[in-house]
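First chain A sits with chain B, and in the next complex the same chain sits with chain C.
Up next is the complex of A and B:
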């Protein structure tokens, strides 16, 4: 069974927008934010992202796990990046770094510049996540496919994207059923195994049934779609989308943001900036 | 269909052999047969998945409206053949009811306005107007089945192929579905329905029956002729047919004492309560499923739980095992609150067998699979222990069973393995969720008989849609409706309350009527074959007494 993502933002200001606004808005925001290394501008962009996210009215308690995962994932990437590239920062010569100390073994310098770089990356990723989240939770079930199709994505891929959005909730439901089936056999999935191999082995009773069922389920879904002529020609979409004035204003806002940031970037205003309090006395 | 034979690319034997059938417009063909008889392959050959999606060796051909299926693209075939798969959950791809209904016409490029008109007409016809705007994932099994049929109606095909539609439906919803299909046939559409619950499928008034076994047609002709050859031990037929079948057998072989033995009445010693629910409320998402339900199930009792789709039957036992936590009320097992035990500790008392074994099978061998639970719980876990669990479920005779991969077993064998897995924790009580799901009538009946015969087992509680299976295997029936107990008693007591029975979407089958009429074993309902033999024995005894009386008077 394909299960739709939870429509947590139902009825909110953002959920009332044409779903294409959320997709194009995210693309414009991402292109804006990736050009910026100046923490001051990034704080401004993060505020824009926060306001936008708030307008989706997604209850935090319903998505705290997802946020915890994102924070963990972003922290890992930022940390790894900082450690690996600490001495090779964009626009900053290694002689100009204000080094606090060097990492043992790797000899990578931890400096005021690399700390600013890490903070910028952190803010950038979290802002992008905040603007991207509403696509999963504030777009009505079934609107993802029509939205991508109307944006010019071929029908087959647009519907595949719609199914992809439903794949994770469906997989989670299968996983819950398998966890229940194994719990009654004394399996405690929260318990960790010893060492990396032990940890991996402990997940086998869950991963094997879930994977097998996912493959079998996918074959059934393909059959069901084939039987109703999916992918055999140009398709129509029942859901008709139309942008209203507010939708166009929101898109114009994101477009202006991109223009402004691009202009700032071309004039060198978005380069890495180190807050004075980070510089060693 | 002309001389159709098909062997899957990886198959050793053809799945169907030399099948030839001609179906007129407006005709209903009922296809019956045991699991593995080739009916899924037959359906795939008709709807074009064979050869378009399933490669293999195909000889013979299928024609629909003068078009040869193998030579037509799926897009064209989809307009001609509407298919409803056995499990509607696997068929539904739309996330809302409207999206699901629109899926087929959208793929054919029908304009949105025309799709909207068609949706309104089809929803009215299928009686699902109340489902408007609902998420498909939140629908009950019965609602999904009706939606799947409505999805097929959207393409207005000339032929409908429906695979075991009754498996997930309560009897009243099943009757509604049969009425829709009958209407389609009356309008001139062809209908092929695969179903082993023949008695319920008779509501559709099929014109002919194709009986398949091992991929070959054993019978093709009118329903009356099918009843002459049907084995009531394999397909579910009306009781009168089973009686006639046994009468023919008796005439041929003669009645022996053991053959016609009438079982004694219920001898269950119920004992103290094992599982007690007190004012239990459970909410799933935004649905209030159990609403203050109270019931006490005894230590030595076979209890069947019946009720309409979505009434809370499965939720009841999942709550007992703490797979779900109640919002209010208490559940006790052997006098102790379930909150004081872990899920695994509860499973040592209530061995739970899931509807689908594929949810749990993961190990490389049957041995590992069986010993996983005992090892986790510190119970004995050697080969002798594994073999004992297999012996109790009659799987021990399969060659090299301990070293076989569980997923290489047939579905029926996997069901038995799931039972053995539950028994490996040595529970005194078994809880079975839809034991007949995915199994034909004969296999399901044998499965339940095997469960009842497991040595050392004190009680069995099971959830089912199959009214006859419940009444013939249980000595107590609980009927749940809207999350509360609607009826509770022996099979006889429960079915005699006709009003409550009907209110719970349950059907009075011919077997119920026959058991009520003959009452061969006080307090118990017998299956069709056993009851037929009991009736024959009764007739024979009556005849013998008459003959003796006549002989006495003559002397």
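Up next is the complex of A and C:
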């Protein structure tokens, strides 16, 4: 189990960008995508996301599990929306639906519109995930703090973000060491039976020592920061960030995309669209 | 030896201690969130024992730490699992608000409930019920079609599962931490 984000995109075109581009670009892209239900526009946005993702050169075999998780989770969201709403869709009256058949027991209609809606949801989430991936895998861990500080996050909280990324690998290692130590004492996390509460309480021998040790161990970090007069003045960062022309162009591209999508959304051009081939003859 | 718990006076203070506890909590939550299991008989309600870290850190170290642990920890957990840092940003805010409210309620309820583990359970439970109301913003974001779906597939499962986790594990963590806190004088 490798929990810590790995710098898999090292050396790629995207990893050479200022890390602020990846963070702001993602925010602009997410706000663009959530306004769109039209499959034609979503395909365009998915292409943008695919090109962006490819530029991070993240080896697929290293992130297979993450992609499997995304597909599973998106499928769950799509299914929940299809089954629980009884086929009702935003902006589409139930009389206007082109129904294929009704699901047994639930009587939920499966229609051309709900199929388009499901496809739109898949595209929306997969696009957002593709643009979000490079933050974990194509930003040098040491750049996180300076990037957020330069984005206007107060120095103390930017440093907290930096520390968080630094703590993850060591805490993950502590967790593994604690699991091994408890196993030697007969502990079995995967043990069946005793119900969900029993399973929950079985996490106590892991959660309590790891949490308390982490807090007690933090005293050294706190002392080190206090000795260096942390928080008494404006903080400087060892890593200087500077955007080049390409960085500005990428950000401008995402900004323009958001403007164009917002304009289209305000004029009603991003509503659900049903491809003709889905309509029953 | 100091046995002082968090008081109203230092609720909003941001010291090196606040920063380090917030970072430790967020990292712990991001790591522990990778462990979860489905509640038998349900399709979508998974128990995440790691969620107790949000309520515990909020209660033990204050609302600012709680907010950071929930907000950043959840975003990082999503990022590590592949879901993306900002894909479900409203859920990260909801987690942060739960941590914030647990911290505030822990202070506000100090005079009413003297027993700290009991107070932590009550504070966590109320914070979860209120804080996760933010996930109804999924209707606006398009993840849930309407209030019915948002309630049945988002709000209810997350509140039920996190209530079970927080009400059981937060008092245990508080009961384990309090003697250590006293022994190290924090």
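Basically, the second predicted complex is superposed on the first by the 197 of 281 C-alpha atoms of A that agree within 3 Å, B and C clash if a C-alpha of one lies under 4 Å from a C-alpha of the other, contacts with A are read in each partner's own complex, and residues count from 1 in each chain.
Keep this in mind: contacts are C-beta pairs under 8 Å (C-beta built on N, C-alpha and C of every residue); 3 or more make two chains touch, one makes a residue touch a chain.
Note that the coordinates shown come from a computational prediction; the quantities given were computed from them, not determined experimentally.
Peer 1: Thinking of the overlay built on chain A, is A:163 touched by chain B (first), by chain C (second), by both, or by neither?
Peer 2: both
Peer 1: Should A:108 be classified as contacting the first partner (chain B), the second (chain C), both, or neither?
Peer 2: A:108 sits against neither chain B nor chain C.
Peer 1: Could you tell me if A:212 is touching chain B, chain C, both of them or neither one (first, second, both, neither)?
Peer 2: both
Peer 1: Under the stated touch criterion, which partner chain does A:225 make contact with: chain B (first), chain C (second), both, or neither?
Peer 2: So A:225 meets both chain B and chain C here.
Peer 1: After superposition on the shared chain, which partner residues are touched by A:204: those of chain B (first), chain C (second), both, or neither?
Peer 2: A:204 sits against chain B and chain C alike.
Peer 1: Give the label of whichever partner, chain B or chain C, reaches more residues of chain A.
Peer 2: If we count touched residues of chain A for both partners, the winner is C.
Peer 1: Kindly classify A:80 by the partners it touches after superposition: chain B alone (first), chain C alone (second), both, or neither?
Peer 2: second
Peer 1: Which partner does A:233 contact after superposing on A: first (chain B), second (chain C), both, neither?
Peer 2: Once the two structures are laid over each other on A, A:233 reaches chain B alone.
Peer 1: Taking the superposition as given, does A:195 touch the first partner, chain B, the second, chain C, both, or neither?
Peer 2: second
Peer 1: Touching A:262, do we find chain B (first), chain C (second), both, or neither?
Peer 2: Once the two structures are laid over each other on A, A:262 reaches no partner at all.
Peer 1: Considering each complex separately, which residues of chain A are in contact with chain B in the first and with chain C in the second?
Peer 2: The overlap between the chain B and chain C interfaces on chain A comprises residues 1, 3-4, 163, 166, 204, 207-208, 212, 216, 221-222, 225-226, 230-231.
Peer 1: For chain A, which residues are in contact with chain C within the complex?
Peer 2: For chain A paired with chain C, touching residues are 1, 3-5, 23, 26-27, 30, 34, 37, 63, 65-67, 69-70, 73, 76-77, 80-81, 84-85, 88-90, 121, 124-125, 128-129, 131-133, 135-136, 156-157, 159-161, 163-168, 171-172, 175, 189, 195-197, 199-201, 203-204, 207-208, 210-212, 214-216, 218-219, 221-222, 225-226, 230-231.
Peer 1: Mind listing the chain A positions that touch chain B in their complex?
Peer 2: 1-4, 141-142, 162-163, 166, 177-178, 180-188, 204-209, 212-213, 216-217, 220-240
Peer 1: Can you name the residues of chain B that touch chain A in the complex?
Peer 2: By the definition above, chain B touches chain A via 47-49, 52-53, 73-75, 78-79, 81, 83, 85, 87, 89-96, 98-99, 102-112, 115-116, 135-137, 151, 155, 318, 321, 323, 343-344, 346-347, 352, 354, 358-363, 372-373, 376-377, 407, 421-422, 425.
Peer 1: What residues of chain C sit close enough to touch chain A in their complex?
Peer 2: That would be residues 14-17, 19-24, 26-28, 30-32, 34-35, 37, 39-40, 44, 47, 49-50, 52-53, 56, 68, 72-73, 76, 79-87, 89, 141-146, 148-149, 152-153, 164-165, 168-169, 172-173, 176-177, 180, 184 of chain C.
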